[in-house]
């Protein structure tokens, strides 16, 4: 089921060996969107790599920016101000809702239900409008910077955000009613793609796929980064390790994301302040790395460091490991993509089902090929 | 568990093959080890220390050696630990982690594809991102990226 | 929805000569000089000679130039069927353009899953060497007349990934492109504007 297939939502290939209609073995084939992001990052400024992070995972751009920025700040020994951290968390949670809405739209369209596609895209557009009001873009924001964020929220943003978020909470009720009471949905999703928790852990599966099997692992709770240790929310789990469970987990995650956003908005309303760290090295403020003779003048006097960040992306556990050798470009940037591993575990949760079950099961994995291939 | 306790228990078991346990803010520590003890070390981490989840396997090309790093997560202790081993550039081979954590499959294929590190015991070590038959390992420092050559542009002639 | 509108072929004449597409094996498709038709256009195959005959008796040789070809051109450009294909970030904007807010289907644009049913290939996203030959195969599977839009900076010239080792610096190195849409990613309105530009271009070319 090749790179051009309505099921794939991106460029990846699934080789399926079937006997009749039953799947015997699968082999995913990736790499059709491998853009060498890790390699070209070695030639870029830290703030220039941010542009690549949006494009790495394009449905969850701000989450990947957050991931990279936390690792970069650890490698460069820079602390962002607290208001910047709250804005980052707010952006990450809104992006989580947007990503799950995109998943919801595409997943239901794969099952044949077209209304959720239109609803999901419509509500996602509301969130993207919010993003546009403070980052300037709908999809590739390039908003976070080492040391903080690029600009503060505009006036009146928190009220608009609250309105959108309240509207979304009502919509989630409607979505559940639309899908869970639909016979098509239930027939096609219940009991499919079962991946139990011990196997999931052994195969490195993370995110909603793992939590649908009953595990309570959520990095935001287990190893809080940014300001998550100050926020109250619950971990979304389900105990049917199937496609319906993953749907329920993602719906609940959206509700929890709304809860977190409201807390962030309340804090942001009460605490104005700077959004960029004040003590930044001079070269970090430069938009372009200089070429020519000036390049060696700026080299090699800055502290080295290692940055490691693991975050709970909408797709799973994503990580960044940055090696900073003292120059203005990182020496090595390595990303851990949750989708690559979740797809690879298809060897465990796909065989035994029918070919017609592949779209719901692979749809429940929430594939975003950009981060898988980097 | 603290870094010093980890260091103590590992050196008690493996002696001088553990080249060091460094502090790493936010992690339990960074364990540098000799590649010869890879498999037993992995088993120790998984069975005795409870690191059931292999998060990440990656490789870096420091020109005089290649480094392979692993990030492990423990659900019970809720902490990450990083393992790191250095391989000589002419024989960059290390035992595969796939028999112990099956999730290493895709990660190790990526490390082979991009950095050229071989993993012994991997069931199917071939390229994952670059097409089959690609001659280079792109993330090596010796592989320079450059402006693309001038390719001809196809024009419709009507 | 209009449903299975067949792709109207050119009225007469061999397919466009020259370029990579012109090297299609004609003996496989039909005899030289016979219009390139697909199975779905059987009705058109019967219609065209009949219409030609009827009208040529009225207007002689001008029928094909003045009447049949413009009608098919109008029908074709107002019902461009792109391939349901998304490569990267621009594909998300491509999908958003089919939502309720920027309804692309009001322009007659309906994504189809099979390249045999499409006449438009929107390349939205970074093209890598690994996918290059599949892209060319998809484009060659599409029947004439067909057009290609390079959407986004990556398809136009490599985009932010131009210097990467695995990225094709622009899809026009592989297939002939009619319209380039700039943006990273272009907003859905830009994509729709690009499609309208293509419609204008098709009208000018008179295909």
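As written, the chains take the letters A, B and C, and residue 1 is the first residue of each chain.
Assume a contact is a pair of C-beta atoms (placed from the backbone, for glycine too) under 8 Å apart; a residue touches a chain by one contact, two chains touch by 3 or more.
All figures in this text were calculated on a predicted structure; none of them were measured in a lab.
Between the contact lists of subunit A and subunit C, the overlap consists of B. Across the two candidate interfaces, B-C and A-B, the one carrying more C-beta contacts is A-B. Here the CA centre of subunit A is 34 Å from the CA centre of subunit C.
Per-chain Cα centroids separate subunit B from subunit C by 46 Å.
Inter-chain centre distance (subunit A to subunit B, centres taken as mean C-alpha positions): 23 Å.
Within subunit C, contacts with two or more other chains are made by residues 130, 163-167. For subunit A, residues touching at least two other chains, in rising order: 31, 34, 36, 39-40, 43. In subunit B, the residues that touch at least two other chains are 129-131, 138, 143, 145. Considering their complex, residues 30-31, 34, 36, 38-40, 43, 74, 201-206, 215, 217, 222-223, 306, 308, 310, 317, 319, 321, 323, 331-332, 334, 336, 340-341, 344-345, 373 of subunit A touch subunit B.
Contact residues on subunit A toward subunit C in their complex (touch as defined above): 2-6, 9-11, 31-37, 39-40, 43, 51-52, 54-55, 58-59, 102, 105-106, 117-118, 121-122, 124-125, 138-140, 369-370. Touching subunit A in their complex are the following residues of subunit C: 83-89, 91-93, 95-96, 98-101, 113, 115, 125-126, 128, 130-131, 134, 138, 160-161, 163-167, 184-185, 187. Of all residues in subunit C, those touching subunit B in their complex are 16-22, 129-130, 158, 162-167, 169-170, 172-176, 178, 205, 207. The touching residues of subunit B, when paired with subunit C in their complex, are 129-131, 136, 138, 143, 145-148, 151-158.
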